[in-house]
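Which chain is which? They are A, B, C, D, E and F, in the order written, and residues in each are numbered from 1.
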Amino acid sequence: MPNKNNTNTDLAPLLPILYEEAVRRALLEDLGARGDITTDAIVSPEDTASARIIARERGRIAGIEIARHAFHSLDSNIRYEILRRDGDDVEAGDTLAHIQGAARPILTAERTALNFLSLLSGIATETRNIVAIVKPYAARVVCTRKTAPGLRGLEKYAVRAGGGSNHRFGLDDAVLIKDNHIVVAGGVAEAIRRARSHIGHLVKIEVEVDNLDQLEIALREKIDAVLLDNMPIQMLAEAVRIADKKAITEASGGITPENAGSIAATGVDLLSIGWITHSAAALDLALDLAFNL
Amino acid sequence: MPNKNNTNTDLAPLLPILYEEAVRRALLEDLGARGDITTDAIVSPEDTASARIIARERGRIAGIEIARHAFHSLDSNIRYEILRRDGDDVEAGDTLAHIQGAARPILTAERTALNFLSLLSGIATETRNIVAIVKPYAARVVCTRKTAPGLRGLEKYAVRAGGGSNHRFGLDDAVLIKDNHIVVAGGVAEAIRRARSHIGHLVKIEVEVDNLDQLEIALREKIDAVLLDNMPIQMLAEAVRIADKKAITEASGGITPENAGSIAATGVDLLSIGWITHSAAALDLALDLAFNL
Amino acid sequence: MPNKNNTNTDLAPLLPILYEEAVRRALLEDLGARGDITTDAIVSPEDTASARIIARERGRIAGIEIARHAFHSLDSNIRYEILRRDGDDVEAGDTLAHIQGAARPILTAERTALNFLSLLSGIATETRNIVAIVKPYAARVVCTRKTAPGLRGLEKYAVRAGGGSNHRFGLDDAVLIKDNHIVVAGGVAEAIRRARSHIGHLVKIEVEVDNLDQLEIALREKIDAVLLDNMPIQMLAEAVRIADKKAITEASGGITPENAGSIAATGVDLLSIGWITHSAAALDLALDLAFNL
Amino acid sequence: MPNKNNTNTDLAPLLPILYEEAVRRALLEDLGARGDITTDAIVSPEDTASARIIARERGRIAGIEIARHAFHSLDSNIRYEILRRDGDDVEAGDTLAHIQGAARPILTAERTALNFLSLLSGIATETRNIVAIVKPYAARVVCTRKTAPGLRGLEKYAVRAGGGSNHRFGLDDAVLIKDNHIVVAGGVAEAIRRARSHIGHLVKIEVEVDNLDQLEIALREKIDAVLLDNMPIQMLAEAVRIADKKAITEASGGITPENAGSIAATGVDLLSIGWITHSAAALDLALDLAFNL
Amino acid sequence: MPNKNNTNTDLAPLLPILYEEAVRRALLEDLGARGDITTDAIVSPEDTASARIIARERGRIAGIEIARHAFHSLDSNIRYEILRRDGDDVEAGDTLAHIQGAARPILTAERTALNFLSLLSGIATETRNIVAIVKPYAARVVCTRKTAPGLRGLEKYAVRAGGGSNHRFGLDDAVLIKDNHIVVAGGVAEAIRRARSHIGHLVKIEVEVDNLDQLEIALREKIDAVLLDNMPIQMLAEAVRIADKKAITEASGGITPENAGSIAATGVDLLSIGWITHSAAALDLALDLAFNL
Amino acid sequence: MPNKNNTNTDLAPLLPILYEEAVRRALLEDLGARGDITTDAIVSPEDTASARIIARERGRIAGIEIARHAFHSLDSNIRYEILRRDGDDVEAGDTLAHIQGAARPILTAERTALNFLSLLSGIATETRNIVAIVKPYAARVVCTRKTAPGLRGLEKYAVRAGGGSNHRFGLDDAVLIKDNHIVVAGGVAEAIRRARSHIGHLVKIEVEVDNLDQLEIALREKIDAVLLDNMPIQMLAEAVRIADKKAITEASGGITPENAGSIAATGVDLLSIGWITHSAAALDLALDLAFNL
């Protein structure tokens, strides 16, 4: 059950307010001022078609409702039957959704629908794969703010669909004190004190530390979490031992499928991984169409 | 000179109209309703800093003006000196830009600036790499419409910065007749005829063909380009021979760094590759900051 | 059959994405912050009415779906029966649509609906009239980029409804090398070479020439189309002869209903006419309303 | 002094808030996702140019600041010297503005700038011409709500630049009771009473009447203005006599340059004319460019 | 019948165009990029609930349709039965609406719905209370332009629901000459003359005067209304006498529930009160929810 | 030092991205399609003026940069000297800012500037007053999500300027389990467990409890904060004793200036008060203008 953590696989209710605009923008980008001139020339408004969205490789699905919305933005009468929901695993050849309706809007919305679905499923799949590696351990996989500009909410959703958890959504929902902040403040303790006096009571504080000295200082200030940046495995294990439940521990920097297991084995609570969003390969999906001649 | 084809490495003049909104949206996404609570708590409005954007791995740069705009959106007084322009190649450790000014906006805009620059430079780098492979041949590398939703214009710009060329920007700027259209029309020739009678005189027609029979029919209709989809090398070479300058030839489907050279060696004009946009890994970049204490 | 060329008379499927915003903007412009104070004061929410959109002069219709959308933006329950579709010709007195429903939204949306329909039908009518004149010849009538700011997509649609064809939609979908570009490049041939090395394989090149020398140079560069600017009939005929199917020929400048026939008689492929968009008189239409008392 | 009535010829202060968005929308419409591919290919970022906006026919200018804003939206360093301001009359050959700066943005913004300036100057010119005809009389020329969707504020500004006055800007800033409202209310007097009890103390009431009986009833209700719709000259003169300063009188329907003088001679206060906005021909303007080689 | 003046209690028809955007903006503000994380965690998509909006204190309702729209923006299947309409008076404990449907969207939209409804009902209630005080007199209560930025149209609607009337909606729909304008013009009469020569025939003129001398000058210029600013009761009564139906009289400045009656007793036509919008306390409302377990 | 908690009194750096749109929307709302017709008629573009923003009553300032931005949105050349910054206390008669420049934009932006400044300063003042009452105790005053729709970020900023702290900004930045959620979950402990398994590691959990039993159950689940809803003083004191630093304690419901001291005296950490935002009276401010004749 890789989704057990903080997955919300039911994006549908938020679509009308949170994500309609992203779909609309993507469709406008593809349609330009003239629309789909190929389909308009060749396909009649009366032609109908049925189609399937199929997986061409194995992976984890995310964005099936966003894809639906791309079709329905052009024609609300299209029938769109979802066979695999977000968070489901698929094999090459599996059908994700059946589509039935006017052929024109199906063809015109195809690329927009697939672009969302491939991007998000690619992220979910990368997340799932790394989550599977750390599964024997207590550690959770979390994403970062390294996301495609303008698509963060959706990409973080895909991480959840992949079984991962979310770190901060933005600069405003938690304090993360980084090395640069520490330099300005003149020290870890002072930085933490400034932050604490500034924030509301529902805001947590995490501090990035590079070594065990900084860690001990940070822990004395009773912070919520500590980001252990680029530490060798040995030091990381020692850091986790020192933190000893006094703060959530997060490993960060250079985490790969090869070393993820041994990092998780240190007992660290979180593995923070940027590439599950910024460098995930798209999942290979296609729309197979059959005209109702 | 991998940029020689249709690279436009001077994005700056278009920024105010074409891309400001994308930067603004990305900043809003990161700032939320409260802004950068960590920096606001720890850094004083009077603190100043100097910083460098550096490459942590080798690659091709794209988006250096977009990154500048992220900083200037928060504070137009920040000095931003560009050392490596879009289309330049960098090595790990190279400095791309010097930044000098108020510390707060530099820290607050950092992630937004780097997210654009890493994404676009990643695409430029992947493009450059595959372009280098086909360099001995006449073939050009072109991208597809498989781009991150809402970011197509920027991603296609990055392809140009990488030395690649652009295919259609959207459904409206050229006709591309695909297999599905051919099925509806009842044949290649009929599909082409419908398209030709529908379009303006400055719109080109490209047709996707799966085999040599379709190719010959298409060529008889005097089309501008032919997309040779998923053909084995042998068939591809034969197709190029048949097309014989009567139409631009484009190879598509399953092109990898491994087979790109032999595909280009067939004499095909274009290699169309989706993964240079949809699956490019971000280029590893960082902001190194020194406070002026 | 003046619509036979590239008319797309079925705008409906694109409405939700491409044109809803234009209708919404127009309604907001008319409603202000207070709405229709006259109708709100005098008409009860329970009053119902039936109405007809009628032509007060003969012409060609364009925009009947846009008009429908204006009413439906205020009240989706209004019944709107379309009797004359875009591309249809009407006589004074003809009914274009029957409308039935709540009286308030019908009265409130009336002006917005008619403003779109009159503007677009005026363009379609002017286009139809000039198309009729060149009908004995092979030439097509094309529009320019001289359109009302923000309404280009709709105005170019109206040209198609009038039986005309569309030239470029914007600066980005084809190369059109004008006199100013030639001056900068230092000559026709150099300008063409710069353009060719810059563009993608699905982008066509058209060159504006003033005389036969420039024409011959341009043709040697194998361009797609040539714009013959302000040439006397004699020179135009000679230019068409020289071009001899090596490029599409387009006559431009000072084309009127009086000289359109003789220009078309030269065998030129296209007559490019700005005034069918920028100076077309609106078609006189009205809403006749009968209250169901 | 045709501008003496309610002309506001200084649009500049409102540009940043009221009209920037219209210019931005128009530029985006022309630039698409790729920008000006012709200019980008042929003109170097370093090339500079000087240019003049010239009139190719006589007319009245409106929109010279809007045109300036189109250039400055792309490049705020362009020098734009205004020689003829809004409300000025020009002859064929007159220079309206000198432009100096980078050649690329000048060429790229040219069409957008001219489209605004030609449209608005066309309206100002038509207005000026009809205003000149009624000049011997006290009557003022007013526009209607029959304007290009989304451009009403600018078109009504152009009417003022032409020496005309503005009628309502929208449905919300005054009450205009039309025939349809009277039918619903069951009579002129009842309609006026309903309106009066509904509106604020700074809202005026105008009533459309078709005959002298309706006029007398309306005047008894002490309205602010009366629209005399499609009345023969004789009846119109009688109506003006009856109204006798008890209400402002407005003639409407079928007003042409031929009959405007005799209509104005009746002593009517206003001539309301839709075609000065909805059917005005664009003023013929051009950008003459000289490269600084 | 406190609503008898210019109340429009049927906001529903304007919602789709005029107010949807305000509701959407408010929901986005509350949902951020992640949505309602509490409800998503605890409530299942299948859970249904019924709820009531109840008044916790007596007051006048405004915004019941806006509240409905907040729920329907998230889920159009929610049943929303309106028991008390805008303009209705309620007692503590009264139910305003019954809501039935999926529990998630009901809980998620609750605060947005109540924020609109409480704000607007608070304004309606304050207005009603002061209207009740002046009821024995002919005077009407009018609001000002002192409204929450971005919410003016809704707040002025709430004033109408409270039985008040609206003053200007903005700077553009009537002339209000204030002391500062008079200083610039060099006198009351000159200011009025400048305004009159500038405006259209459906625009009224009101002048602010501080003393009886200014009043007499203003009345000689035949203005529509006069704002009697901060006058002692005695002077106010004298001013009303002098105005003697030659202009609408409006009292302004320092009007409280204590002095409103005596001000109205002077015979003044309007009492203009800023605090009914800018300082009204929100009406205390709550959503009572019962889960259908 | 009432600002000592989490006040960020330097809003300026965030203005360009976070709040420009709110100011632009407010100006458009006031300007309509026609602009400030009174000022345009009476004041010449060449007239200059100096002005002061003055307080007419004592209070705490918030929004002085927003007010500046309103003027600068119309004319960036206006000189705006800030004398009292956000978080400063003022007396009646104090000058907040000196303004100097063209008279037209100063008069036109006046109301928009003051509407923001009065609204936010009113909230800051109410907050300051209640903060002063609880000052002898450790308790902090926090706001709620009961804010004017679309203005939450600014209103919460004003609370900080008043010396208060911020609660959640929206539904997405912390978990707040309310009575309704507990009913659905079937109990306090189950609701907490569901929330914990759903959220990221930087999200805090607060639980609303009505009695001491619920409190003890909640504390066993190791939550971050507990909202003690509508408890009598006695029970509240007992609850604080039980919580004993195991969770932050927040009193909520019916807090007034009268009882705030005794509530704070219980040792509770936070007093949560909705009326400091939803029912704060605007601070009385004015613009005094002197024309430079």
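Everything below uses one rule, namely that a contact is a pair of C-beta atoms (placed from the backbone, for glycine too) under 8 Å apart; a residue touches a chain by one contact, two chains touch by 3 or more.
Because the structure is a prediction, the values reported are computed rather than measured.
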item: Count of contact steps on the shortest path from chain B to chain F; value: 1
item: Relative to chain E, chain with the most remote C-alpha centre; value: B
item: Numbering shared by both copies at the chain E-chain C contact, with half separating same from different; value: different
item: Between chain E and chain B, distance of the C-alpha-averaged centres to the nearest whole Å; value: 52
item: Between chain F and chain E, distance of the C-alpha-averaged centres to the nearest whole Å; value: 22
item: Averaged-CA centre spacing for the pair chain F and chain D, given as whole angstrom; value: 44
item: Touching two or more other chains - residues of chain C; value: 8, 29, 31-35, 40-41, 108, 152-153, 166, 169-170, 172-174, 176, 197-199, 203
item: Pairwise touch network: line, ring, star, complete, or other; value: complete
item: Chain D contact footprint on chain B (complex, rising order); value: 6, 8, 10, 12-14, 16-18, 152-153, 156, 166, 169-170, 173
item: List of chain E residues in touch with chain D within their complex; value: 4-6, 8, 140, 142, 165-169, 172-174, 176, 197-204, 206, 224-225, 248, 250, 269-270
item: In the complex, chain A residues that touch chain B; value: 22-23, 25-26, 29-43, 47, 49, 103, 107-108, 111-112, 114-116, 118-119, 122, 145-153, 169-178, 180-181, 183-185, 191, 194-195, 197-199, 203, 274-275, 278-282, 289, 291
item: Residue numbers on chain C that touch chain F, as the complex places them; value: 29, 32-33
item: Chain A-touching residues of chain E, taken from the complex the two chains share; value: 24, 27-28, 31-35, 40, 45, 73-75, 102, 104-105, 108
